[in-house]
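Going in written order, the chains are labelled A, B, C, D, E and F, and every chain counts its residues from 1.
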Amino acid sequence: MLNETLACEMEKLKEEILKMGRLLEEQLYKAVKSLVEKNLELAREVIAHDDLIDQMEMDIEKKSLGILALKQPMASDLRLIGTALRIIVDIERMADHAEDIAHLTIDLYDQVYIKPLIDIPRMAAIVQKMLEKALKAFVNHDVNLAMSLIPLEEEIDKLYDQIFRELLSYMMQDPKNIPQATSLLLVAGHIERIGDHATNLAEMVVYLVEGKRIDLNRMARKSRSASKK
Amino acid sequence: MEKAIKMKSRELNLFYGNFQALYNINMDIEENRVTALIGPSGCGKSSFLRSLNRLNELIEGSRISGEVFLDDSAIYEKGINVVELRKKVGMVFQKPAVFPMSIYENVAYGPRIHGIKKRSELDEIVCRSLQSANLWDEVKDRLVAPANQMSGGQQQRLVIARVLAVQPEVILMDEPASALDPISTARLEELIAILKTRYTIVIVTHNMQQAARVSDYTGFFLHGCLLEFNRTEELFLNPRHNKTEDYITGRFG
Amino acid sequence: MNGIIEGKTNAVKQHNNREEKMQILQAKAGRWERILVILRKSKARFIPEILVEKLLMLSAVVSIMALLLISVFIFSRGVPLIASVGLGDFLFSLEWKPIQGKFGIGAMFVGSLLLTSASLAWAVPLGLLTAIFMAEIAPPPVGRIMTRMVSLLAGIPSVVYGFFGLVIIVPLIRNYLGGTGMSVLAGAIILGIMILPTIINISRDAIQAVPLVYKESSLALGASHYQTIGRLILPAASSGIITAVVLAMGRAIGETMAVVMVTGNAPIIPDSLLAPLRTMTSNIVLEMGYAAGDHQAALFATGAILFIFILLLNLLLNFIRRAGKRYAGN
Amino acid sequence: MPGTRIGEKALTCLLYLSALIIIGILLAVVGYIVYKGLAMINLDFIMQAPRRAGKEGGISSTIVGTLYLTVLSLAIAAPLGVGTAIHLEEYAQKESYFAYLVTLTAETLAAIPSIIYGLFGFVFFVIYLKLGWSIWSGSLTLAIMVWPTITRTAQEAILSVPREYRENSLALGASKWQTIRKIVIPAAIPGIVTGMILALGRAIGETAAVLLTAGTSLGMPLSPADPARSMSVHLYMLAMEGLSMERAFGTAFLIIILLLFINYLANRSMSFLSHNGG
Amino acid sequence: MLNETLACEMEKLKEEILKMGRLLEEQLYKAVKSLVEKNLELAREVIAHDDLIDQMEMDIEKKSLGILALKQPMASDLRLIGTALRIIVDIERMADHAEDIAHLTIDLYDQVYIKPLIDIPRMAAIVQKMLEKALKAFVNHDVNLAMSLIPLEEEIDKLYDQIFRELLSYMMQDPKNIPQATSLLLVAGHIERIGDHATNLAEMVVYLVEGKRIDLNRMARKSRSASKK
Amino acid sequence: MEKAIKMKSRELNLFYGNFQALYNINMDIEENRVTALIGPSGCGKSSFLRSLNRLNELIEGSRISGEVFLDDSAIYEKGINVVELRKKVGMVFQKPAVFPMSIYENVAYGPRIHGIKKRSELDEIVCRSLQSANLWDEVKDRLVAPANQMSGGQQQRLVIARVLAVQPEVILMDEPASALDPISTARLEELIAILKTRYTIVIVTHNMQQAARVSDYTGFFLHGCLLEFNRTEELFLNPRHNKTEDYITGRFG
């Protein structure tokens, strides 16, 4: 790896983060798809690809520290790298959640779904949108876009509550449903957490651009926990 | 943690003949803090620094308008004793300019000038100043040796000791480390960190990293204007002006 | 060269073993080739380089030879006479009667010293003050003009000064102070004027060589301008200033023409400032034209004494410089 | 410190006064001689040969003698002096005994009074080498006399050429002599030329040494083997023997004008060459 | 805040991270205690204190970037700051999990537990031990200590599986148990995730000290998912 | 991405009289890479650099043992043409030392020395070298102007153009930016980044940050020994030696 100019390295860093983000989106999409379509292949692929994300995390971390050591970035460059170091932790964990969904797909493979999976894919779609927006906001330094995640996060929370209650009722109806419903509950939980992480990303973008920290995540979480109670 | 304002400039303009080197500088310099001045070459950092103890008057054809205050007294007022002012506002230059005398005599120079004759008194001042400048241990056994036999870093600290000997309140430094190697520079920076507990320090430096390391406040000059003045951390992390950002991220020019 | 190679080849032909012969042949040819290449290369580069170096060295050697010759010729002529008269008598006897074979240059010796001190006495303070003025006080344009003027003063040859003394100073003294005018005073005035540029130039250079940042540092410590001059700049320039004085002294002792023209040249120790005197240099130039034999030798002996004097002053100068270097120059 | 202000005022006055005195002296010397000499100057004075030991006529033969002496001495001393300077600064090892010896020689030669050169020239060139009182004797003596001036100034000029120039040139693959020829000497030329002009001035003004080696003959010198009288010697003789004060003034005036011109040349060469090259 | 020497600032940074870690331990301890003892006060305290952790996260981030901008740290100092920036993301999320447990405590307040809570506190105790070890390893740059988290993580995974199965059987026994069991399941899930995060920390410590990255977390996760299947 | 080794030193020892300045230096310098040498003052960086084109021989009393190779030929072997060597291994010094000639003549100096006389050929070389040194656009209209009227940064780039004009393979730089202001320094660093695609560059710098920014490999010298030599990133992020760590983290001495 050649020692290049700061601007060049920053571009590359952004690109790699984007790539990691896109891979994550794909993972999430595939994981949910594998669940809905009972596609064992796809689930296994998701699990296998998690290693890729982990590798990317390490690479980006190394590159970020490298830039810090070699190029003495200042001001916005520095904030970008600080953000990068933190964003990848979130992305990595989101990928873990996607992987966990894939594991649950495999667990559920031999079962007939107790109900058609509608809300879970809907939730996943929203989360995916959030992810997309967060990453786009990161690339374009777009605060408004980042802020637009708040309503989505609320929507997610509402959907999650709805799914939660629905699955509980299924369990009550028939104890045989319990294992599957629990698993689906966990899937919903995982997706909800991914949404939570996405809000985190958005928050970081706001810091990156404005240089100040607003707690988007908290705002969303607060409204969620309020609705939960 | 706000401190008292030790010096301030108000609408300061500086001219060299027809050339205007400074435009409407307003700056508050807090007591017991290190204030760094950065900016590209020729932006007026040195000129501003020298106008703080009226050393700019040595340059022919330099004129000033506006005001500079030291503890609320205007230093460009008529009837101000320049000698007194310069005693209070000491200065350290880029190249360590030790006088061609012994180490002792270098430090005793200022007090002697100001009328202290008693040897015991001088001894004490010399000892105290050298200690404050972190130099005593290195030179206490060879106070009568010629000062220019010392290393560059030691010489620069000797110059600081010499300034301390006249008990200044403010110390101005114009690129004090640019002639030093990295290790001497590190020692000088340590010294500055210690000195600021007792003195107010204004330092001009070409080295942005140095400004970042040593200072509490930083002023960014451009083409004779004070473009941005802020807490050092703020200035380097969240500069308000694009030009500042460009300069500190090296995208300038 | 071919001949040599062929000759050797013929000699080799007598050998029995053909192969061995061939090898030797090849080796030799190789060596020759190599030498040729080296020669060609060095012709292009190294020979002129070395030649130039030797030539330059030669010019330096010539100068040393010149000094040696000067010493040898002056001393070989003068020293035998000093030996026969005795150094003490030669130096301190007041009787200078070459026709009677009495060679005592006491009066001239004292005369030289007296005249030199008298001229230094007024020229040094005046020169030093002017140097300070030019370097520190005068506005730059004035300083520049004065520098031109001083270098002009320095360029005027001694005979012109002597002439000026003869037509102005001597009559002035004669008219206002009495005597013939040809006097110690006239000599001191003219000689003083002549050494002023030396004093001014060298001490001004020394003062200006004190780094500006010393001055700024001192002012920034709260010293006034005169304090800075007195306590920092002059001490820092002291070795230069002393050098100026010593050089001026050397010039004064060695000066001939101007002195001859205004001091009256009587070989006696003057009893007042208005009395005439004769210096060692005047002695030589006045009598060399017609002196012969021991008389000429006595003049060479005078020159030898002068020479030694100058050498001693030079030693002193070196000593001052070395002492000066200890503190100066960061 | 009480009285400081008054003391400083007094000091300032003293300093201004001394500067005025210096200016006064210069104006007196130059002014008087120019004032008196100007009356004498005309083409005849310059072009005509002196008659009756200089009491009448012009000073043409002394002008020619002066030119002969100075040009010849410079022609001898310049290559030697510059060569020595280059050797000392570029080739000789700085700490070597030889370099020390040469430096010491230059210093000593510079300090020796001209009368001693006169003595030496007299015994060595005039008598020992049997050159007699001649332009050769005078020029050789003058050459030794001005050699240290040339060497010193050239040395300083060469020394002031930054070390970096040499290193850069060598690092570009130039040889040592190429470096000296193409970089060092061109950069040092202003100093070298100034040194030569100074030497010229010194040679023109010299009297005692010339008096003892070139003689006092008033005849027009044709070859360097002829004796000659230089303008300064002529001035001395005229004044000392009281032959013709007007002519003395005229000669002094011409000498001063010549030196003024040389002074001006030195300044010009310094600034012209240093602006162009350095 | 004064501009101080690098060594001094690094010390302070470490201390603040430790403080944040200790607060987290406390949060976790209190959350689980509130659950076991049905202590509503304590649960509310946990929820309230989460703001503190968030504040600390922001402070530490700001300080780290400040050091990067002002002091140009190199080598181990730089790695420490890179680690700090990442560690706090994990700690913040762990604190969120603790908060979620507290919310669940409040949800469960008015119910009688269907079984004595034994395994969940045990799990919490182990996670707490992991946290402690990870932080100690961070402070002392102790790689061995960090590595000693692997067996603990495995233990956690086993316990989680056990609890999961146990709770499922409770649900099957009696549908009335379902809501509570689900909640308890979520609690266990939260604790498991905290353990996961702790392993993350340990991994970062290894990087900090050795300058190289080994994937502890992955090792542990792999062994866990293996045991899950 | 390993490249060929352009130069290497083997068991290189350097003495100044009785003082040993370098001890057993073994270093491989890769082609088309920037190798930086760092270390405290007096550790022997310049000495090592100068031994790479035998410029150390200019210093009286310097001796060498061991070997230095350029493309596998030992440069201290007898019979090696030093002039050829120095053509191949160019050098840029700390202070931009432009010769007192025109800009054109400065660049043409080297080719002229090496016997190129044809004006058209010289013109082309000058143009090409100035372009390579990123200077052409700034000076193309005033090639005959004296070179010392340029700014410090331009002068330093001119010196580089001058070196390029003799078509070197390796360029040694001894603290090339220490006399420049930050903006000129940035431009110089950019230039180095471009030049390394065609030349092999070895740079001594006091400024650690600069070494970090421009170089691909970094060597850390201490007391005449090459203590650590590694990829720049490795050296600054994970130094192997404690002394290196101490130096780059500023805890030294």
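Please note the rule applied: contacts are C-beta pairs under 8 Å (C-beta built on N, C-alpha and C of every residue); 3 or more make two chains touch, one makes a residue touch a chain.
Here the structure is a predicted model, which is why all the values come from computation and not from measurement.
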Exercise. Give me the chains shared as neighbours by chain C and chain F.
Key: B, D
Self-check item: Separation of chain F from chain A in steps, with touching chains one step apart
Solution: 1
Self-check item: chain A-chain E separation of Cα centroids, rounded to whole Å
Solution: 19
Quiz prompt | Geometric centre distance via CA averages, chain E-chain B, whole Å | solution = 50
Quiz item: Centre to centre, by mean C-alpha position, how many angstrom separate chain A and chain C?
Solution: 91
Quiz item: Which positions in chain E touch two or more other chains at once?
Solution: 6, 65, 69, 72, 74-75, 78-79
Exercise. Quick one: which residues in chain C touch 2 or more of the other chains?
Key: 45, 224
Quiz prompt | Junction residues of chain F, two or more chains touched | solution = 83, 208-209, 236-237, 250
Quiz item: If you go through all the chains, which pairs of them touch?
Solution: A-B, A-E, A-F, B-C, B-E, B-F, C-D, D-F, E-F
Quiz item: What residues on chain E touch chain A, complex-wise?
Solution: 51, 54, 58, 61-62, 64-65, 68-69, 72, 74-75, 78-79, 82, 85-86, 89-90, 93, 96, 103, 106, 168, 171-172, 175, 178-179, 182, 185-186, 189, 196, 200, 213, 215, 218, 221, 225, 228-229
Quiz prompt | Residue numbers on chain F that touch chain A, as the complex places them | solution = 1, 34, 190, 193, 209, 212-216, 232-233, 236-237
Quiz item: Inside the complex, what are the residues of chain C that reach chain B?
Solution: 140, 211, 213-214, 216-224, 227, 231-232, 235-236, 326-330
Practice problem: Spell out the part of chain A that touches chain B in their complex, as residue ranges. | Solution: 6-7, 72-79, 211-212
Practice problem: Spell out the residues on chain E that touch chain B in their complex, using ranges where they run on. | Solution: 1-6, 65-66, 69-72
